[in-house]
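Once you scroll down, you'll see the structures, which are given as structure tokens.
One chain, subunit A, appears in both complexes that follow, with subunit B as partner in the first and subunit C in the second.
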Partner chain A sequence: MSRGRLTAFLRGFWYALMLFLYAPLLVVVVFSFNSINSSARFAGFSLDWYKRLFANDVIMQALWNTAVLATVSTLIAVVIGGMLGYGFYRYRLGRLSWLVWLIYLPVIMPDIVFGIAEMTFFVLINQWLGILAPGLGTMIIAHVTFQVPFVALLVNARLLALDPSLFEAAQDLYASPWQRLSAFLLPTLRPAIAASFLLALTLSIDDFVISFFTAGPESTTLPIYIWSAIRKGVTPEINAIATLMIATVFLIAMLSMLGGRRRRTSDT
Partner chain B sequence: MPKLARDTQHLLLTVTPGVLCILVFLVLPSLYLMGMAFLTNGPYGLPTLPLSLQAFRELAGFGFLGWSPGNLYTLLRSVWQTLLATLIVTLIAYPAAYYISTRPARWRALMLLAVVVPSWTNQVIRSVGWMNILAPGTPLADFAARLGFIEPQMGLFPSQFAVIIGLVYNFLPFMVLPLYAAFEKLDMAQVEAARDLFASPLSAFRHAVFPQTLPGLMAGVVLVAIPAFGMYVVTELLGGGRSMMIGNLVARQFAQASNWPLGAAGALIMIAVTLIGLKVLRNLGRRLGGDREVVL
Partner chain C sequence: MSEPAPPMQQRARSASSIGIDQVSRRFAADAVALDDVSLDIQPGEFFTLLGPSGCGKTTLLRLLAGLDQPDSGLIHIGGRSMQGVPPHRRSVNTVFQSYALFPHRNVRENIRFGLEMQRLSAAEISRRIERTAALIGIDKLLERGIDQLSGGQRQRVALARALVNEPDVLLLDEPLSALDAGLRGRLQIELRRLQRQLGMTFVFVTHDQEEAMVMSDRIAVLNHGRLAQIGTPQAIYEKPADEFVARFMGHENLLPIKKSDATGIETPIGRFSGDFAEGAYLLLPPQSLILHRLDQPAAPDCIEAVVDECLYRGGMTEYRLSCSDWPLVATLANQGRPGPAAGDRVRLEVVTRAAAVLQAEGDG
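This part shows the complex of A and B:
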């Protein structure tokens, strides 16, 4: 195959790949505006599903729960994970270096095992102590636990890319640890913190399995609502809910692209 | 305060919350779950003493009605579907990653983002998308029916075909990203040299491209195969009973069937198979890549 034909083939392949990747999302978005409840035939444009969705208290509660779960767990995970990534970098752990393996544990553990382990553990604690009843609280704990390693790895990677002498310079320049934190560390790590915030947020939004097993009766999120609607066979508003969540993800993608562009221009 | 003591204090301050979080909310629950596999199933499906290997016997298929191979089939099917999906993902990701690496630099970040963004949407929504496409009456289903693959008026799901599509769709970006990283560093001089020596495209690929992209490929296989093996959502929504995987078997014991020890034993097997898989990949990578460490 000549070079020109190879390039033409690859271009065609790329467009086919884009079709494969975006067709399922596009179908969801298009049929959320369908005037009839069908994913086989588009009968006309309407906003009926969205009107019904915003009039449905259960769905509105699920939307609120989803937003609270994602933002609260992400904020906690960025703080805890950032400190962990920094601690592992700054104080070479010596005898405690095996602790680094802890970071990889949540990464390689299958979702389903993770979720079930958390659920059985929460049930046990709840029987003994009466705390940690399944609900938003247990979901936030579970989400933070799987977000922390990713944040720690990102922050750690950024620190490893820095010149170590910067830390000594900062030590000479600023007297107290707090000054060093606010004048040197946080500004230097801002791109990594922003990136890990977005990563943790998408991890939380993407998750279904762990939420599903740690949720309580009052803490249904949008994916859990969609799941049980499919199971019961009632599916009308599902495409509209899914469209809202797809839109959120594209918003995050645009933010991360803007952040990436700003980072590149500020580096040069 | 002496420097050493202050350093220790800082260390504890920064590391403790994260380590504690993982220890208490992941390590402890996992240990509890593993222990549960050795308990007996109580009258309400909750684990009770005495210690026994009952759960493992049940998992191997020994029940009230004698031996049945169902669970073993499920385990084998999980491995088979994981391997098939990983192979298809690799075949798609290689040309895609190569193509991205040949584009002008300003386009590459955007193209990578285009590959990754769909995987940021919720797993359930991705499956709903495929349910829409594969449902009865859609153009794709009609086309398949006309070709005689399925009965008329039927959908393309639930089926093993739909499960494989779902797996490939979910994990494709995890292969494209590491392969792209490998292609970006590719030493084209080696490929040119191979072509100059009249190597066929295939043998140029085998001797010049493949060894250089091997670390990326191995990383991708780990990132794809591990979560694919533990898949729950796709098999539950797009598959029927005949494409069920081990994750579904495990989950069922905690939801409908209520046999926690059996489910825990299944989870233990999942972790064991995952670790064995990692080990095999590590050895394979070492064999293929000489002495270089290619995985983890």
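This part shows the complex of A and C:
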């Protein structure tokens, strides 16, 4: 194949890839504005489905649950994961440094296995101790467990990329242990913490499998609602929810990109 | 640093002495970074630790800064024992080998880090930063990010960040190694001037013997974690304690002494009469060898040699010679006259006054 034809082929491949990635999303967005109840024929523009969405108490409750779950679990996961990432860095040369590999396991474990395991575990505890009934609480714990590794790995990677003598420079320049945390460690880790916050947030909003297995009757989230609603067929209402979720994720991605850009320009 | 800098105010501060007493540091049973090192550094002294890579220079600086603890031995700074004193409570600052500038802070914020941690007033902080930046010649760079600086500029920021705290002791870990020859030479003079002006105790680390000689009041030569010799640059260069120090200081003419008696010594290139000390080697520094062409009138006691190679070094030419099959190096100032060429036979006059007898490595 000549060089020119290879280039043409790769360009075509690129457009095909983009098509398969974004066309389905586009379809969902377009049909969410459909004026009739159809996902096959577009009859005209309307915001009816959005109005019905916001009037639907079940959906609003699911939205609220999703938001609470995502925010609370992300905040907890960032704190725990951040400390873990630092701990792994600090003791990376110690005898227990191999423990860091355990943190990878939940990342590569299939969600379904993880979800079933969490469910069984919570049910057992509930039977023995009467606590941890399925609900938002168990979901938060489950989400934190799969968010923590991502946070820990991001923070750890950032620390590993730093010149180790920076820690000594901070000590040498009169910083007490607390000052080292507030004036050196946290500001240095801020990009990694922000990135892991946004990643954990999207992971939580996105999650269906693990939520499904750990949810209670009152703690339906948007993905779970969509799944149960969809069995009655895809309505433009579902398309509207999906469109809102796409917009949210898009917004978060833009935020993290902007954050990255600002960091780079302020560094320079 | 080319612009004239306003003088830093002389402070009524007593620079600190440093006492290092039988200090050892082992990282593993077979990795002894420092082995029973004892030395005293005077207040306000420019003291240099010199030695090859891995000889323990950085390790000793880290012990002084408190970033590492000795396995045995005591360290005193300003007469006070440093045992159990953490780095942030020592009036000691370090210019790190890797600079260690904080990436999330720009130049000004890097320099002010130590002052912030000591909770100085905002007015005092900006006064000190302006003064130090002008002194080091980085006043134009204060608002730059760290990744916008050249190696030499980073170097100076690291220096300013340490100096601005006006510590009793400044530790400098090969601070000039990343610079080109011109800048390096200028900064050597500048650092020396700065140290005199501030009256601070400087402990300077380098593996460059010329740099050590130019800058230091005294030099300690380290070899495999042991103190090989301590003394003024002149003493170390002219009277090296042993073979290691001599070779490290750039000496090449080391002649093993085959026999010595009351009237002289015997070496591979001949016998030298005189009263020599006991030792394993006769050291002939370049200035002890005077090169004569064969057609010049012969001085007494000359030995003959063949020129193998001539290395032009600007102000002088270095001649690599063979003398009774033994390699020797001599120099001749370039004064416009053609010197000997490769293959020529020459006469060497040995000035035994300038020679020294030294011990084998490790016996010193």
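A few comments on the model shown:
The rule is short, and it goes like this: the second predicted complex is superposed on the first by the 255 of 268 C-alpha atoms of A that agree within 3 Å, B and C clash if a C-alpha of one lies under 4 Å from a C-alpha of the other, contacts with A are read in each partner's own complex, and residues count from 1 in each chain.
As a working rule, contacts are C-beta pairs under 8 Å (C-beta built on N, C-alpha and C of every residue); 3 or more make two chains touch, one makes a residue touch a chain.
Because the structure is predicted, anything quoted here is derived from the model rather than measured.
Once the two complexes are laid over each other on the shared chain, residue contacts for A:N37 go to neither subunit B nor subunit C. By the touch criterion defined above, A:M257 reaches subunit B but does not reach subunit C. Applying the stated contact rule after C-alpha superposition, one finds that A:N126 touches neither subunit B nor subunit C.
Of the two partners subunit B and subunit C, it is B that touches the larger number of subunit A residues. Legend: residue contacts after superposition of the two complexes on their common chain; A:N56 is shown touching neither subunit B nor subunit C. Judged by the touch definition given at the top, the superposed model places A:T202 against subunit B, while subunit C stays out of reach. Within the superposed three-chain model, A:Y174 lies in touch with subunit C and out of touch with subunit B [touch as defined at top]. Using the contact criterion defined above for the overlaid structures, shared-chain residue A:T188 touches subunit C, although it does not reach subunit B. In the superposition on chain A, contact is made by A:L166 with subunit C only, not with subunit B. In the complex of the two chains, the subunit B residues touching subunit A come out as 7, 10-11, 13-15, 17-19, 21-23, 25-30, 32-33, 36, 92, 95-96, 98-99, 102, 109-110, 113-115, 117-126, 128-133, 135-138, 169, 172, 201, 226-227, 229-230, 232-233, 237, 247, 250-251, 254, 260, 263-264, 267, 270-271, 274, 278.
Subunit A contributes residues 162-163, 165-166, 168-176, 179, 183-184, 187-188, 190, 266-268 to its touches with subunit C in the complex. Those residues of subunit A lying in contact with subunit B across their complex are 1, 7, 10-11, 13-14, 17-18, 20-25, 27-28, 31, 38-41, 80-81, 83-84, 86-88, 90-91, 93, 99, 102-103, 105-106, 108-114, 116-121, 124, 141-142, 144-145, 148-149, 152, 177, 202, 205-209, 213, 222-223, 226-227, 230, 238-239, 242, 245-246, 249-250, 252-253, 256-257, 260. Taken together, the subunit C residues at the contact with subunit A in this complex read 62, 65-67, 86-89, 92-94, 96-98, 100-105, 113-114, 116-118, 145-148, 161, 165.
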